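Should a chain be cited, it is by its letter among A, B and C, assigned in written order, with residues numbered from 1 in that chain.
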């Protein structure tokens, strides 16, 4: 990390704090910037303006409101599982951010199988949603949980397949390695832009973003929540602190998936190495460890803007249409993408 | 569901019904129903009222649907012709109640009973409508159900049943529409009081101004008809 | 003492056993779900009891009456001018349209006709209440299907119409503007030009909604072919308004009957659609909003000058008789059957509301659809709770 020799416990503490910042800061920014303000402006209204200048303290006000509410649960609910469910969803977000590199030396861990770990761990939140719906002793939550089961498992596959194209092109599953490959690469001999994989893997990028939208249960894939039918789906019986955890987890996961997408497709924390005449990742200067997170943050905001924009504009798919779209449209497209990527990789 | 017969539909919009069309309608209905058609009233440039005998209520529905081609069911309800013993609830409760008329007088096309059922149907291709009435016998408030004739009569008959207490023989599911299941009484009957005017005396009693144009009476109270 | 505890324990065990038996029964027969009375999708306090087999509806039973206010009983103790105020509140989104059939029926019994200017203004305001009502429907349609943005545009553009109504009558939602014999007062200065501008804005709004919502593939796949009501079923159940015209029946009370309104002086198209599905119903309402703006524009240009109130006595006593008038309200066909005995107030008023009949087809049309489709179908049938429970 920093060029100071810290004892192990200090490093772990810094990692934990860094993880929390990495998860909560994007969540907070996304909630304020996109949910409160961008959505309001798109809907020709102003959004929260009271708490703080232009409503900037609204998030803290909301957090404080939820924290001080009574912790109630339905009588018939399975208490232990009911309480566990939101935590499981949030834990998967924290686990995800552990493999995201923020700079040449600014990372939490540097797995060689980072992509594999990331895809595996992102499925843990499915469990949380399922048991939230089931343990709530509420028919609406049950319906939401069942829909979530089908949808989230169905959309795992397109996500995995889309990422495989990137892995084939990069030749490594190491997230840091993928970033290095993109920024050190060249397009037909011109290295002014590096080689962000969005240019060659645009199909994969599209499939990945759609799958992410579905994994986050955002419209048009928000059948599990389906506010006008199921009131809140699997989250109906949660209030106060537990609902806050679901809420933060939703936007934190959106942020983390955008971070991952920017690592996989947009070149991550880097700018093209040719701008500074770096040859490989070992040449990268140390100030990149400070600039890297900022660049990642910007790219994340761009991708989250896309996710949120689609969320506010489209009506929602019905459950069977959703499934049909995943199994009959996205997966074949992703498979074809892998095939073409493989062929081109071998040929060139 | 009973399928509708093929009607001779004109493709262009026919002119609005003049009285010639209206007279012909009553004749055709009389031809279909014969004696069951008890009384009719055709108001020029206005509307058609027809009263049928109680036993022929459903038969009249079929006749109107098939012979006249009235395919659109507008509504079905009932009227209670007894004058309300409570008036309009605007009298001073400390004074003795005024004299009210109690004679049951029916309206258009006459009638003999206190309750009458009332239905209106339209013909969407000939652009006319017809109002049907029938007496409901006083001793047993039962008429035949119109559900086999028009499926939409289901909900209307449920509402008429809970509001007036009239039973519809042959209705598949006669339960309350608006009122809770344990509700006692039939609200739209005239002898069912409007509790709002009984629980709390009408505020206008205290300070009644005479309606504009009326002579001011001696004790400052508005003079008005007390019978309903 | 132990006797009481034993009885309590026994009754508790019996309740558990009954519960278990019910659960076992339910597991084989499907799940019974209560949609409402508090639910975001039912526009008000409507309760629909559905029995589900997975996500498919086996039977559905709407249970209305949570908002029954007893209008018909209340009219029996009121005078005719007082009833106008009462009746405003039946369909609260297009409230001027509720007064019109009642006033026309009373005028029919009295044998008076409102002067031409009053008829023109009544028609214009009726069309404006249609625009106010249906533009909210277009926005609400998006929300029911998951598109949360159009509803804000709908509210914003509806405000223009409500402001116009308020400047003429003093009330945004309940104008209470109609009187037996004419109107309460004449239009304020500059109202006509303002209304022309607002109609232009509303046409833009219709175009916006068409692009944003109707052109969307997801919207089309959610509404096309869903909740098909064939022509015969629609006629039998008494569906009216856009619901009937979406099933291919060419029936519009504005064109097909002659009452004291100025519809025959305007040139408008009556839209029908052969499909009878949810998309048809929604699309026809969009087109009707556009037609309504055109009607308003035409009538504003040809408005005659003159008095706005006919000669009526100060105390209105309607002569004895019965009359029925129904008009093409925003929700469908609304009519009043007034039975009068020559008094200050009516003897009986039967209020026939459109949403009651529109809702009565729900048990038939909701069989075999999926749970999300319930919401789509109810949204496209478009009822207002005050109208169902009149």
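In this section, a contact is a pair of C-beta atoms (placed from the backbone, for glycine too) under 8 Å apart; a residue touches a chain by one contact, two chains touch by 3 or more.
Given the structure is predicted, the values throughout are model-derived calculations rather than measurements.
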(message) Measuring between Cα centroids, which chain is at the maximum distance from chain A?
(response) B
(message) Applying the document's contact definition, name the chain pair with more C-beta pairs in contact, B-C or A-C.
(response) B-C
(request) Determine the centre-to-centre distance between chain A and chain B, using the mean Cα coordinates as centres, and give it in whole Å. (result) 64
(request) Could you tell me the distance, in whole angstrom, between the mean C-alpha positions of chain B and chain C? (result) 23
(request) Would you mind pulling out the distance in Å between where the CA atoms of chain A average out and where those of chain C do? (result) 44
(message) Residue numbers of chain C touching chain A in their complex, please.
(response) 31, 33, 39-41, 55, 142-149, 152-153, 156, 212-213, 216, 218-219, 221-222, 370-375
(message) Applying the document's contact rule, which stretches of chain B touch chain C when the two form their complex?
(response) 1, 3-4, 13, 16, 46-47, 49, 71-75, 77, 79-80, 84, 88-90, 105, 107-108, 118, 120, 122, 124, 127, 129, 131, 150-152, 154-156, 159, 163, 176-180, 187-188, 190, 194, 197, 211-214, 224-225, 227-228
(request) Quick one: which bits of chain A touch chain C in the complex? Just the residue numbers, please. (result) 42-45, 139-140, 143, 219-220, 222-223, 226-229, 231, 312-321
(request) Would you tell me which residues of chain C are touching chain B in their complex? (result) 64-65, 68, 70, 72-74, 76-78, 108, 232-233, 235-238, 244, 249-251, 255-258, 313-315, 320-324, 326, 333, 335, 337, 339, 341, 343-345, 347-348, 350, 352, 356-357, 359-361, 364, 389
